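You will see two complexes here that share chain A, one where it goes with chain B and one where it goes with chain C.
Entry: the complex of A and B
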């Protein structure tokens, strides 16, 4: 974990601040925390007709992969998966590009009204989605951009958080590094591209993962913008499946959809846990 | 030349042009356009007529909006202290370098990365009467089953349970980060004095992270005021509007009833509330920086 670093000291504050009992209460609480997820995982491996007779069937064999193979035959779920990928990757690339360029300029270059513009951009951080989403919906209707990939990705690129993060990161790079290049009269874009950008990779990773998750999990905008079934993102698709929960095709099949839809983020989480924790914490506090 | 680097040039602004285009067209313009819409009687696809503050009057005299505000306030008042208390507890219990603590921290944070639709789907499997996990448990215990999502006294509570499950990881991590910042000589001094664990907690640990507690609370207030997806997907605000929050009211008004004027008016009201909280947050963080 990023937040914990091992210190080689004879004295450990652990002894005074932590407590075995507290840890075990937390461990019991963890079981409560994970129970709903395990429950859904269990349901996803059960035959639907068996579940019709009662969901306690989960606790005993037989188990089956049928719900997952059904998923592979239901082409729409894969279409939604693909849509989510395109939108999330596209939005991430967009945010990284725009934020890096703007962050470099705000941190390193002088131009008229630089400070004023930066303050205005910072104000953008305080604007919640619902203050703009109705007007955005109307704009995208005028431009006929609903139910398109570009229409799904663009609003997320207006977030000021990336610019804010990259500006701070560029500021933290020692000035000597690019001033040396300036003496050789290297064009600014070349300095940005060849000298500074490679140094920002840790920030790019953090911002990239953060944006990807945000885009992948986004709910409200795709809900109103993607109204055609084949333009749904996975998030919206799963929402539409659960809307008729009562008369659903089968609990097991629905559970398999939930597991399938959460797999990508869970995998990303397992590999990039540190970056994700840093990014989400930073994103919340700003 | 190094001096030319400092010189102000219009051409340098080209670097911010791409972002500013998106920023102005997709954030600034819709922000003001939304304010303008709130002063008009209009439908979503065109025709508008200026009517001043009439939409605001309609929003404030709508009992459904009043109920939504009430629900949201109750929701914030219950969920935020719960999140802060649980997050604080977990951070204290898991602030260790052992593998088991690290694993549990990872587990408690993992739900944060899921989308709202998956969270609500999971909790529906828990709450549904008859086949749900809780229904099974209640049967085993011989208790009478509860329609968690379809009973007026329970619907908002159930939405809250799913929300706490979803959001708990962030407060925990923010508290852990703060606990790491406490200088260990404070604890060394306490060890020399043979201070009890309780004294250490109340005299050293909690006072040292006081500003983080305030910060986490404000961040959560801002987030929970915007409750939307969980309520929309789990109960759709029902039964009888008992779990409808403000954002769901905005959504229903704008995109189900297509009353854009009233929807934007309600969203401006919420924007004001959130702006206020954000200002308090800014004030708290900048004070934290001074300390």
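Entry: the complex of A and C
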């Protein structure tokens, strides 16, 4: 009987209509989102000279792999790829380490001005990067850190959002776990490392994925800090490949670089799809 | 391994709020002591102070003769079982149990042997490779106890460990805890607000109320000879019924056994409780437990009770109602009672089982037989 009523519920005409409506709305949004990506993918397989006449050439043969072979032979794209990878991975490791340590301290340790310092950290969420960019540029210039991996990574490592997220996550872990560990004669750092940190893995995954994606796609700071061509990240390198404003030349090659640059992000998404969905749904989906 | 625990004049305050005031208590080696009291009485705080999870503002705590209130929790030689179990969710049962021993640098073979032995004692050897999330509440409770056992502590501390279990499992685990204590012979302190747990498990009960110890005694001492009105009303289910004393006719009755009292709603009552001349009459009450009352035939001597609620418990029936004077009273009838709510019944009570409380709440009982 229960099965029957459940069946009836899922096939109720109202629900069916609303499901169909949701499907079509989602489909329209999906097409709008994916069309430019498919367009770029198509362009990457077209000869540059054909595209000079008009980018609608993407819809008709012939297609070629030449842009990709050029990528392997005549471009700094691999160097930029490496730079992006070093910066994104380094920044992600940095953010996870610092945010976890700070989050643990704010959630569990007693020290003077703890609440005030936490508020100051949160204030960082409200300060736009543009507001501090000149001062930051000056500072890194004085420190002679421009055109270095550390210079590209450091600003992104202090993540107010990361500290906030990890603090909240540590706070949500019952204090009895720490107390049980204390009674188990566990030193403070070992409690953090062996007991609590493994419990924050869902938050670490969320923070790690978003930090990686943010660092990989960052354009603003690398544009200022990396002025030497061999220190460009992919975003800056690809932008520098544009030969004229309308990009009437080398459009296919540019698209091939863009596709290549997107691969790691797509791979990250495929592998961590579940964590990303959980993260953006605020953990509501179980 | 078991050890004595001595708590001397311990005080604890959070800012201006005092939660424990000058507490002193000695626990024998191997004794099972239950801290009993309502929420907020300070019983868990006292336990946590013994464990080292709360600091001691004043006073000292010794375990096995060694002062431990200045030591960190892991160096006190105690093991604690938490209400929420506090197992490490990412570790298996075996890892949970071994973790504390690894921190103490115990030899690997010794750790394995102790974990195996504890698992067999608690009949959970088949669970050793599972994670806590894959266990039921009762199984988690066993793991928490197992984690304590492997440490071979000087004392076990239990902080309301049965609260999260359902009634049937709680009853079974209670029995298992009693058996475990018999087997290990360790000193155990158990915190609860459940008097059934206290009565069934304890060698001695420490009844706490309002920052202080109200009474320390065996379960039957606490039940039969409560030291204060609070203990009398808190221990025992249903609670003891109280009737105001309006006067003392004589401090000693004609048979020299006890005082004759003027009790509101019950008239003149000859008790077997001797009272001192200094007895504080203002606010004094006479207490009667429901099992010391009985329904009598209509027309016989007794008091009228207008029944408002009937609670049928199988072997007995509890009649909740009001006396003619309006005071609430609980009277016991047989399991076959046919009394219904709204009816008026006559009842009487056993004069030899009365408890008298003066205006300060101090209790007076009939003289103990030599």
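The definition used in the following text is that the second predicted complex is superposed on the first by the 229 of 286 C-alpha atoms of A that agree within 3 Å, B and C clash if a C-alpha of one lies under 4 Å from a C-alpha of the other, contacts with A are read in each partner's own complex, and residues count from 1 in each chain.
Criterion: contacts are C-beta pairs under 8 Å (C-beta built on N, C-alpha and C of every residue); 3 or more make two chains touch, one makes a residue touch a chain.
Being a predicted model, the structure only gives us computed values, none of them experimental.
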| item | value |
| --- | --- |
| Broader residue contact with chain A after superposition on the shared chain, chain B or chain C | B |
| Partner chain(s) touched by A:105 [first = chain B, second = chain C, both, neither] | first |
| First (chain B), second (chain C), both or neither touched by A:198 | second |
| Touched partner set for A:190, first chain B, second chain C, both or neither | second |
| Partner chain in contact with A:177 - chain B first, chain C second, else both or neither | second |
| Set of chain A residues, in rising order, touched by both chain B and chain C | 179, 182-183, 185 |
| Of chain A, residues touching chain C in the complex | 174, 176-177, 179-187, 190, 194-195, 198-199 |
| Parts of chain C lying in touch with chain A, wherever the complex brings them together | 51-53, 72-75, 78-80, 82-84, 86-90, 99-100, 103-104, 147, 151 |
| Residue numbers on chain B that touch chain A, as the complex places them | 1-2, 4-13, 15-16, 18-20, 22-23, 25-31, 33-34, 37, 44-45, 89-90, 92-97, 100-102, 104-118, 120-126, 128, 130-133, 136, 165, 168-170, 173-174, 176-177, 179-180, 182, 184, 187-188, 190-191, 195, 197, 200-201, 205, 215, 219, 222-223, 226, 228-229, 233, 247, 250-251, 254-255, 260, 263-264, 267-268, 270-271, 274-275, 278, 285 |
| Residues of chain A defined as touching chain B within the complex | 1, 3-7, 9, 11, 13-19, 22-23, 25-27, 29-30, 33-37, 39-40, 43, 51, 54-56, 97-99, 101-102, 104-106, 109-112, 114, 117, 121, 124-139, 141, 154-155, 157-160, 163, 179, 182-183, 185, 188, 192, 213, 216-220, 224, 234-236, 238-239, 242-243, 245, 251, 254-255, 257-258, 261-262, 265-266, 268-269, 273, 276-277, 280-281, 284-285 |
